[in-house]
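Shown next, in structure tokens, is the structure this report addresses.
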Amino acid sequence: MARFIKKGKQEIGLSPDDLKFRGKKKANEVLLRIIDFDETSLEEDALQLVRDVLKYKEKDTVTWLNVDGLHNAAIMKEIAETFDLETLVLAEVMHTQARPRVIEYDNCILISIKMLQQNEESHLINVENLSIILTDTVLISFQEKRGDVFEPVRERIRKQKRRIRHGGIDYLTFALLDIVIDNYLYVLSVLGEKIETLEDNLLLNPNEVVINEINNYKRELNFLRKSIKPAKEMIFTLAKMESEFIKEATYVHYKELEDNISQANEVSDSYREILSDQLNIYHTTISSKLNDVMKFLTVFSVIFIPLTFIAGIYGTNFDFLPELHYRYSYFIMLGVMVVIALGMLVYFKRNKWL
Amino acid sequence: MARFIKKGKQEIGLSPDDLKFRGKKKANEVLLRIIDFDETSLEEDALQLVRDVLKYKEKDTVTWLNVDGLHNAAIMKEIAETFDLETLVLAEVMHTQARPRVIEYDNCILISIKMLQQNEESHLINVENLSIILTDTVLISFQEKRGDVFEPVRERIRKQKRRIRHGGIDYLTFALLDIVIDNYLYVLSVLGEKIETLEDNLLLNPNEVVINEINNYKRELNFLRKSIKPAKEMIFTLAKMESEFIKEATYVHYKELEDNISQANEVSDSYREILSDQLNIYHTTISSKLNDVMKFLTVFSVIFIPLTFIAGIYGTNFDFLPELHYRYSYFIMLGVMVVIALGMLVYFKRNKWL
Amino acid sequence: MARFIKKGKQEIGLSPDDLKFRGKKKANEVLLRIIDFDETSLEEDALQLVRDVLKYKEKDTVTWLNVDGLHNAAIMKEIAETFDLETLVLAEVMHTQARPRVIEYDNCILISIKMLQQNEESHLINVENLSIILTDTVLISFQEKRGDVFEPVRERIRKQKRRIRHGGIDYLTFALLDIVIDNYLYVLSVLGEKIETLEDNLLLNPNEVVINEINNYKRELNFLRKSIKPAKEMIFTLAKMESEFIKEATYVHYKELEDNISQANEVSDSYREILSDQLNIYHTTISSKLNDVMKFLTVFSVIFIPLTFIAGIYGTNFDFLPELHYRYSYFIMLGVMVVIALGMLVYFKRNKWL
Amino acid sequence: MARFIKKGKQEIGLSPDDLKFRGKKKANEVLLRIIDFDETSLEEDALQLVRDVLKYKEKDTVTWLNVDGLHNAAIMKEIAETFDLETLVLAEVMHTQARPRVIEYDNCILISIKMLQQNEESHLINVENLSIILTDTVLISFQEKRGDVFEPVRERIRKQKRRIRHGGIDYLTFALLDIVIDNYLYVLSVLGEKIETLEDNLLLNPNEVVINEINNYKRELNFLRKSIKPAKEMIFTLAKMESEFIKEATYVHYKELEDNISQANEVSDSYREILSDQLNIYHTTISSKLNDVMKFLTVFSVIFIPLTFIAGIYGTNFDFLPELHYRYSYFIMLGVMVVIALGMLVYFKRNKWL
Amino acid sequence: MARFIKKGKQEIGLSPDDLKFRGKKKANEVLLRIIDFDETSLEEDALQLVRDVLKYKEKDTVTWLNVDGLHNAAIMKEIAETFDLETLVLAEVMHTQARPRVIEYDNCILISIKMLQQNEESHLINVENLSIILTDTVLISFQEKRGDVFEPVRERIRKQKRRIRHGGIDYLTFALLDIVIDNYLYVLSVLGEKIETLEDNLLLNPNEVVINEINNYKRELNFLRKSIKPAKEMIFTLAKMESEFIKEATYVHYKELEDNISQANEVSDSYREILSDQLNIYHTTISSKLNDVMKFLTVFSVIFIPLTFIAGIYGTNFDFLPELHYRYSYFIMLGVMVVIALGMLVYFKRNKWL
């Protein structure tokens, strides 16, 4: 299957509010976790049924429902009904192959973004689509599989006096997006370290391993850029959106998201240039080494050519070839050969051909 | 004929409202199909005469007239009169070589876009111009030849409770354009799969077949981009248009079209970069293989050069050449040759020239 | 003289309203042709004197004065006086080397654009500067030499019922610019056909003729782009201009000009990319052919090297060289040589070096 | 010293209103020339002291003070006081290394632009910073050294009936800037002619002289672009500025400056592309010639290889080598050699290797 | 650690108002210096405790607090409390790895920019993050370590009559940023001088030292651009900001900052192009030298090939080889060899292969 885009023939012409999961199923069960808090109170729970959320929803507190696993259309439908959302919104959530985007609906905002996570063991990068639905009192976050990426936010919520406890839904959104973008920066910095380490190897020992690594990093970077570049567009749209769900005071934080995502973009541009420079340096080094070898070998051959020619002349069988009959001819010939060889060596050295 | 642009000398200076078909005739007969529906009723029909549409037109329902085949000026003129459109609009419809565009007229909007379809059997991509005329109660779609690309939309209309039944003309327009853009994404994903498959072949077995494939894919991608890039511009213009024919509520769907066409553009950009990287990798691999061969051959020749030279010396016919007369000279010479050859081999190995 | 820009030292510091012809004189006499029409009446005439135009000017009809030849300052001055234009405007008309531009004056609009025409016989492209002055009742078009490029428009005017007869000055302007841009598209399509034809030759028979053709087409395309790119800018400025001389109803046509000139730009971009791809393919093909030849020759030489060496050994004159005296030595040597040669051939074949 | 930027360590942290000359002193004395005119009167004078300007300043006429030489801080200070300008403005004038820019102050506009002049004798291009201060009744122009570049404007002023006599300060500014931009176009056209002449040499006789010329022109063009590109930005800012010092009627002329500077930019872009194409053509031609030589030499060597091998065989000293003893062996061998050589020649010719 | 971005895993999910130093500690102690001035008075002091600043803060004068060293969270917290700033602002100050940015808070503006300084001894460039907090009466500048870069501004403040004494906080901000940008220009001019010096070496003596230098300068330039490019964005945002803290009269200076930072960007672009041109020239020169050597060696070998062949023929042992028995055969053969060699030399010379 193509890595960059997956579009099945059967997806063409689907109604936009069809609750059909378009992606690769990454989780078995759907997990519903809730955190409900305000400045003074805090409740954490794992829900069995969607409708259990109702008791939290009606309170005046901030309710954060985290849904891990998107493939269950029935649960999605229930969520839509419980929170009075259009099915269209949930259909968008299930469409995990789409671009990062922010859409304003009548009673909610939908944010969709790719989440990149460095897997410290396998050295691979996991990609997952994160969707956030933002209403006036509820934030619903959808992840494709169970993950602990938002644990630091939960920790901050658990500590009573933190800003997040009184920042409201829009500040919570910022906190989640901030983690996503911080992960972009982290993933880039891990890749960047590998790229910069490569540089020393490049000059000392340029071989096919190095070129393969460069090409791999290039492909990996291209892959990251596919998520990061449209995320920038999305974040800038969000920060410019004049929505009732976002308080004036939170915009300064959204501005910070803009700065961070811009930095991620610039860093990825820089690494791209570095990789392209490294490729050039690699090719230059390789071809310069090859040229040196070829020049050496050619010079070596060229020195023997006149010598072999001279030997050839005295190998002829002419009846009258006076030199053949002198006593020291052979040694003189050897001497002349040495002189010629040395002369050529000196000449080549002087011209820096050796 | 040029693939990228066809402009006949005789087309220069035509009046913009000349009902002259400018393109390649792809159908024999003109086929008129109608679907007329609202939330409760649904009628489907194939019309013999344009004027048969009148009974549908006057009703308050959504009337969708699909015209397959554009070459018949008489029918076009009849359509113009029946729906009270300027002939200019129909002339635009017949101008299938023009760019994707959206034009707002007094009593209608004209949308023109290239439709790309993957032919699953021939592995070719069909291009066709689709025009949509949008008035307050009627949508007329024009295709160059008979096709079933909009069948999923008809299916959705036939099912009673779908959103499309009460979405109005502008929602129907969205549904049609959505299919067109979904087809872009599908065509790109099919091409993309081929491109990504190529990658493995590239390193294992780089040959002229591979380079031709890369160049073919490049040409194919260029061709797709010619349709997709101006379509993006057109979709963005449409989504920003403040027209009476487009309801506020539908803009959220037009926004989705924007996201999808942007994704198509980005994906095509990505594949372009990948192809260009692949070309580079191909050339690097090929030239590195060639260099290895040449280096091997050169080293091989170079080893024989001093050996042949020594044989040449003892092939000379000097009267006084003492070595010729010793008992083991020949074997000593052979031994010396072996030593020289081995010495050079070791030297070349050490310097990684072999 | 430089093809891309001609600026004489003596032109520096000229006053902008100096009626001095800055260009290459392309016509001998100035030809004044007039068409005066409205929905019902039509008069066509060739004027001897500028002032003869007065009788048409005063009528309420559309008056189109076509001036072929720009070098006569006296006539220009007369035109300025007759139509009450600033001399500045006419000076601009005479400045044929300037960029395509549209300028709004108090009582007129000046449009200046490069006209490209394919000469079907010489296969060359003629470039000429077209200027149009647009007042409320008069359109004056200035061409550098006599031409029949606007004949189709005249034909449309002569037919009574065409839109052009009641479209007014601004519609007439559209009709003229439409012809200019149609000619761009035609010129591009002629060049494009040549470029696309080249493609087949490229792989079958890459030689210096092909590379020269590619470089010629590249230069020709660059030359076209020099006219087409600023024309796009000009057309977009014109279409955005809110002028009293342009009726609301005509803007839809100016929009069409925008689409056509954009298409011309995109097509020229595409051909540029194609040419650049063709250059790459050419170089790849050439160098791959060369590499094959060189590899073949090298392999050929390498096979003879050990054989020649063996012959050299048995050409030595050692007194004690046992093999020389056996009965079948010579034939055994020949046999060994054949075995070696075949062995190397097989080795090279297996490694795909041949 | 760096050509592209000169920034001394001691300049860091200077106050912006320090009257310190930052540049290379190009004149010895400061020359003050004045032209004072209106529609009817005209006075020209060379001033000894700045304060002599006062009698002109108070009149209602246009006063143009031209200052040649910027290094004298005392005179600058006097000018500031006489015309009631902030010292900041004059400090900017003395900062000749800065970018072209236009700044609006309370009582004046400052325009700073690089002036390029072709030196017809030395074939070099002189660069000089021109500053213009524009108040309601006075225009002060500052040149780094004495020059006659504005002589055509003075000539036009001297002739009584020219537009410039009643155009006011803003029109005079236009006239001066027009000369600067005309000089850009002239310098570009001189360089362009050289570049286009190069083209023929390129194919006929590609050698190191040509490549050096291309690199020189490239460097020269880069140098020109450094002045022309920011000048475009400056001119566009000026033309968009809504200042009390610029009359409505003059904007049409500033629009013309925009067109001319845009043309200069486009021309410089074109020449850049041409130079880059020329470099490519040069390299292609060179490498194709080299390849032909190498192929010829290799083919030549290869033909002799089997011949030398055959001679080697019959040079062996086997006791039993039957061919050696036949009467015509030698001539048959020669014949076989000719046949082999001809056969190879034919083969190579057929494969177009020769 | 990666040079271009450092993002620790532990930083992910930090609250934006955590006072945690994110960077490399460059100073041991925190140094607090204060300058308090207005047009008439001036006080300079080094503070022991943050709260000592209070007596200055309450006065109506301009108070500039300079903080060297950012790692001490306690001091930061104290500063926040003393000046009534949100901890968020100080957290931003401590986040030295972030992008240059300007943020408007309720009661202050935060400016963050990278400061580049040429170290004259080590020829290295120091990078340091500078943050400026701007309130209505206080400017707090934060540097990562103790430095004297702002000494010229202090000098100007110490002199009584300078503009800076009555320019206010916003003018002081300008003065500091001006020094930062002047340093950009200085650093670029030092690098530029080295790059331009390289040019002569490039043609005379192209070797690996040169290529390494080019690659080093390229890397260094990339590094500078990483600071300068986002700084431009920041400066332009600042200059467009409509803030109560920035007086109308100061905008003209901010405009100057825009010009200077634009110049820095353009200069860096120019040097980038120059470096890339130099790389091309280097490769061209190197490969042209190599080609000359290879051509010479090949021609040399080729001349000996027919000569050796002739010698080979007369080395054969045929019984009947008439030439062997003529008296002058040997000398004739030598003569023929000379003629062949000379003939080939002439031929090669004529074809310019030598």
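For clarity, chains are labelled A, B, C, D and E in written order, and residue numbers in each chain start from 1.
FYI, contacts are C-beta pairs under 8 Å (C-beta built on N, C-alpha and C of every residue); 3 or more make two chains touch, one makes a residue touch a chain.
Per UniProt, the chains are A, B, C, D, E = Magnesium transport protein CorA.
Computed from a predicted model, the values in this text were never measured in an experiment.
Asker: Where each step is a move between two chains that touch, what is the least number of such steps from chain A to chain D?
Answerer: Contact-graph shortest path, chain A to chain D, evaluates to 2.
Asker: Express in whole angstrom the distance between the two chain centres, defined as the mean CA positions of chain C and chain D.
Answerer: 26
Asker: Listing for chain C: what residues touch at least two other chains?
Answerer: In chain C, 294, 298, 301, 308, 312, 315-317, 321 touch at least two other chains.
Asker: What is the sequence of chains around the ring when one begins at chain A and proceeds first to chain B?
Answerer: A, B, C, D, E
Asker: Of all residues in chain B, which touch chain A in the complex?
Answerer: Touching chain A: residues 118, 150-153, 155-156, 162-164, 175, 178-179, 182-183, 185-186, 188-189, 192-193, 195-196, 252-253, 255-256, 259-260, 262-263, 266-267, 270-271, 273-274, 277, 280-281, 284, 288, 291, 294-295, 298-299, 301-302, 305-306, 308-309, 312-313, 315-321, 351, 353 of chain B.
Asker: List the residues on chain E that touch chain A in their complex, please.
Answerer: Of all residues in chain E, those touching chain A are 1-9, 11-17, 88, 92, 98-99, 101, 103-105, 208, 211, 215, 218-219, 222, 226, 229-230, 279, 283, 286, 290, 293-294, 297-298, 300-301, 304, 307-308, 311-312, 314-317, 321, 323-330, 333-334.
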